[in-house]
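Next, two complexes with chain A in common: one pairs it with chain B, the other with chain C.
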Partner chain A sequence: MKSVIPMDETYAQRIWRLFKRDRFAFIGFCIVIVFFIVAALAPFLANDHAIVRVADGSVSFPVFRSLEPIEWRFLLYVPLAGLVYGFRGPLFLRVGRGLWIVAGVVLLIEFALFFHHSFNDVTNDRTLPAAFKLMPPIVYSPIETSPDQLVPPSWKHPCGTDSTGRDVAARLLHGARTSLAIGFISQSIALLVGVSVGGMAGYYRRWVDIVTCRFIEVMECFPTLLLILVVVSLCDAANNMIIIMVVIGLTGWTGVARLVRGEFLRLVGQPFPQAAQALGAGDLRIIVRHLLPNSLGPILVTATFGVASAILIESSLSFLGFGMQAPTPSWGDLLSEARKYIDFAWWLAFFPGAAILITIMSYNFVGEGLRDAVDPRLRVK
Partner chain B sequence: MTTYLLRRLLLVIPTLFGITLLTFLLIRLAPGNAAMLKGGSGPNGGHAVTAEAREQTIKLYGLDENPFVAYGKWVGNLARLNFGQSFVDHRPVIDKIRERIGLSVSLAGTALVLSYVIAVPLGILAALRRGQPVDRAISVTVFFLYSIPVFVAALVLILFVAGGDYLNLLPMYGANSINASEMSWPAWVWDRIQHMILPVICLTYGSLASISRYSRASMLEVLGQDFLRTARAKGLSERRVIFVQALRNALIPIVTVFAMELPALIGGTIIIEYIFTLPGMGQLVFQSIEARDQFVIMGVVTISAVITLLGYLFADIVYVLVDPRIRYE
Partner chain C sequence: MRSSFLSVENLGIEFGPRDNPVKAVDGVTFEMAAGETLAVVGESGSGKSVTALALTRLVAEPPGRYMSGEIFFQGQDVLKMPPSKLRALRGKQIAYIFQEPSSSLNPVFTIDYQIREAIELHRPDVRDVRGEIVRALETVGIRDAATRLGDYPHQLSGGMQQRVMIAMALACQPQLLVADEPTTALDVTIQKQIMDLLKDLKRTSNMAILLITHNFGLVSDFADRVVVMFRGKIVEQGPTAEVLRNPQHPYTRALIECVPKLGQKQHRLRTIDYAEID
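Our next item is the complex of A and B:
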């Protein structure tokens, strides 16, 4: 058996080693990764456009023409994140330079997308003759209606069709993107707000802390769902993904803020921030370079649970008719349609329900595993 | 201790102020002003109201007032439990809420009590069998339940137990059967209970995870303490040590975590009332959101926040009163 010498491990390696031991957490992690890949590749998994089409002596890639900006974002940012992670060594040798490079690439992508006009291609490659064509595994687009309404699952439609004949499997795959995008972006907003507010309270203490704590208490008295429901509907923001993300983010930061405040209160008293201060480091430097990295573990844990709850809130909103609505596929919206046909069309409720359940459970198990790995005190002996 | 209680009570004031201010800001200053939309879905696509009628509405409800003045008025009225009038039927908001709140509170209350009754013994059992398969099974099961979204559970239950192709044991919708008004009261109560079973189940299972986890942690903490060794040394039976000495001390913190469940419970009640079409606060929220019925929305949001606030307050006070070891100066 390979022995592990504790001093040889970095903090991240230790967490990863402990995390991998938790079987449920590890399976959850794998599922999360798979869902991410599915979300990124959704247009290539379910589409009525061919991926490669050879006809009349020319090769074309019809899928790419119909991609919308959000699909491009998924296609570009997910590999970008992988690249940044892969080259984190050379890239972040100097943190400032690495950040500039990443920001530059992001700006470049956004700039290109700003001038990109998605082309609404109504041709259906399924029936079009071609010398050679490579179709996605599911040959229906998520918004393509057909006369085959409310068909139970079959070989042709693995998850059945809905009341307007749209393929449920295609809608599910594309719906993964809505859920994951909203979950991650709104949780990033929550993290940003929570870390800044909580960090300020924990670092500056005194009246900043008092005011922050009162404010957090006020925020925590409101039932999140009710608050979001009211704001989203009064802003006429149903179907507006950005406002929904922002609202979910702005109501979900209190937990993070509380946690960061507590961590900072604990850390500020220790010698290393004082040493940094003695060396002339400014507040911002102490917070970002010394305190934040030391509280990263617990923040990561809350963020993981936060993504789960953001996905849950998004699907609840869609279910109640206030979130993303048809034709944009979203799991909650699929379920809310299923409610009308619950008497006989079980497949309408089953597949999206299972998707939401599996996603949320995976995130929760990952969060649990991370918590145990990060905080050895909580671990069951 | 009196000082502590007084200070704790005084701390409620800024929070109450914050709650009303935030509610007011969110709803009053949202772009979708009530007067703009009062026409509803008229023939002209929501613009059925003439300019004069709109002016009148604005005047009548003081929508053109300075926000500061309007806020002052609203809070002043709140202090006298006057939540304003509904835009839709001009009835006092407090009456509309009073009609609805009973059902929601009894629904959420039953669910809360039930989740305690189930989760506390589970947590205690898990603590006593720490690290054994029973412990693991309990924690995985409650965690699994915790991860099921409430609307998924409701749909599955409706599909399998109420109507549908499978069992048809329980009613699918409503708080009572259509002919409820003709029933004798025992029959009426039985009818109501049948209608409430599924909603209560849906609201209960989600809280099991956190409560059982708290019970487990609390029990584990108590089990490691010295006074239990003393009790055993005194020759008390193991049963007595655990179920009298340990349990009593473990229950104190468990009782106080209920406040933390309240916001999620209220959110769950809204969804559940929507799915099972129950005439509670949740349904009122949906109706008033659709009609942009400002004062009703503000009333409901404020009341649910205040209920949570009172929950926290109650929990804090009980904690101090029940546990003689805690001394606040």
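Our next item is the complex of A and C:
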């Protein structure tokens, strides 16, 4: 019989192969990717500034004028990350070598952004005359009000408008950024805390473990949403987004910590950490370079579910009115507005609700698919 | 200051509750000269592995406790070293090979990466790391080493994995190689290959080798001297030929008789009668 499984596939390759076989997980993964692209390109998909404008014999790109510094950062840092990733060799070496280059470029970008002024001009390219102009697919910005209030979905406004005449489709697209940013950054915080705390508990065991476990149990006694509400209401509303990210992250790490602790307890019992120790590796090196890579699969699975739950928490917060501040679009905020007009303006509730549903479902499918793929008990083939 | 290469004096290591401890190693004293091959022989649980691990203070505390004794390696008291010096000692001067190569290698990294780590840790001044890795793999008899660099441990056979472990240990050019039952997890033909490899290494380098085994068969044509351990104590030590020809202690005699001999019809191998020894 001919074996169809290549013998020399790496761990990542085999996970990907097993993952792809789960149809729902794969569809979920594609949807997540689409949401990513939409979120990344939101200013180019929904904006009242033209992408390209030719007038009076000169070419301009007005869309860039509408970008906030944070969006500039995003646009510039993503290729930078790709560049760093492109270095040859193991990840740790790559980061080590690339660090100086990255630091230099980051400084340069930050220096430029220091002098950058967001124009946020009211000029609106929809009505401005031009020899040629390429507008984004949705020609409204998410914060732009108009007299067309509570208009049902039409060709002009594919998802209708809200009570101040803002285009719901534009707000949805830009809201995807808020949701994804909160989901990922808060989960990164949760992972950082959870992996460090759980890793310490699992590696050092004894009293470190006992103290950590009791602390986790205390943390898990607090109702998360209530805790977040208290912290958010105590904090300055101006940088609400950062506060929400930090708070969701700092309340969501317990699951990760428990998981990492369990994984480490299992791995420390195997001979290879001792072999590393016999080679002269210190505790930190054993934890970071030997144990952590071996528990990456399960960590990734929890992180995926965590992103979904963080998005859901943010939506709940915004719905309750403790989330994003007024002009920043967020899916939960859109829903909370929809409540007032729910008896006739169905589109206000339907589209953001569907967006939340599809995103959460996609993440959960991806998480389940990953969980099955990394589960050693299911490794029949 | 001790002048010898390695000297262990009155080493005592305990496990378990303080009021009723298990004395894994109990007053062990032996010496090793530079370049010498010493075999520590004994049954499971006789304290040979714990003794070997203690040489670089690898017995975890807790659960282990160093109750007494001194270990001098080239004049330095190992048990009094600060952690940073211990780390510099491990791998660089005293390297280990363990029993189960399949689980002693990190399953998620390529062999290239793992040998690289050993070199990174102790020889940061090496320029041509890749060349050094290939050389280490060729020393242990892996042909076409350059093409095997990207392999993961699970893609190699047990014998190959053990060769990689030995290559890792050799990469830092240690003065003492501790081989803790290096062939126990391997089948007999591979066992012979690995022992032949160790013999070659012994001949070509002036590295001292401490071989831990329960098999007297491996010892006879390998070790210069033998230490026989029983229940945490050394019951007999001396030049290999002498101990094999004329064992003094009843346990040593029993252990030698445990090895099946070719051409002899024996229905049942002799088991050790503890009452007779105590």
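In this section, the second predicted complex is superposed on the first by the 326 of 381 C-alpha atoms of A that agree within 3 Å, B and C clash if a C-alpha of one lies under 4 Å from a C-alpha of the other, contacts with A are read in each partner's own complex, and residues count from 1 in each chain.
To be clear about the criterion, a residue touches a chain if its C-beta (ideal position, glycine included) is under 8 Å from a C-beta of that chain, and two chains touch if they have at least 3 such contacts.
Bear in mind the structure is a predicted one, so any value in this text is a computation, not a measurement.
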Touched partner set for A:H290, first chain B, second chain C, both or neither: second
First, second, both or neither for A:I360, with chain B first and chain C second: first
In the superposition, chain B vs chain C on chain A residues touched: B
Contacts of A:R206 with chain B and chain C, given as first, second, both or neither: second
First (chain B), second (chain C), both or neither touched by A:A276: second
Partner chain(s) touched by A:R23 [first = chain B, second = chain C, both, neither]: neither
Which of chain B and chain C A:K340 touches, first, second, both or neither: neither
Overlap of chain C and chain B interfaces on chain A (superposed complexes): none
Chain A-facing residues of chain B, complex: 14-15, 18-19, 22, 26-27, 30-32, 130-131, 135, 140, 143-144, 146-152, 155-156, 158-159, 163-165, 262-264, 266-267, 270-271, 274-275, 285-286, 289, 292, 297, 300-301, 304-306, 308-309, 312
Parts of chain C lying in touch with chain A, wherever the complex brings them together: 53, 56, 58, 62, 83, 87-92, 95-96, 98-100, 103-109, 113, 117-118, 121-122, 151-152, 155, 165, 168
Partner chain B, residues of chain A touching it in the complex: 24, 214-215, 217-227, 229-231, 233-236, 308, 312, 315-316, 319-320, 332, 335, 338-339, 342-344, 346, 349, 353, 356-357, 360-361, 364-365, 368, 380-381
Interfacial residue positions of chain A with respect to chain C in the complex: 7-8, 10-11, 90, 206, 270-272, 274-282, 289-290, 293-294, 296
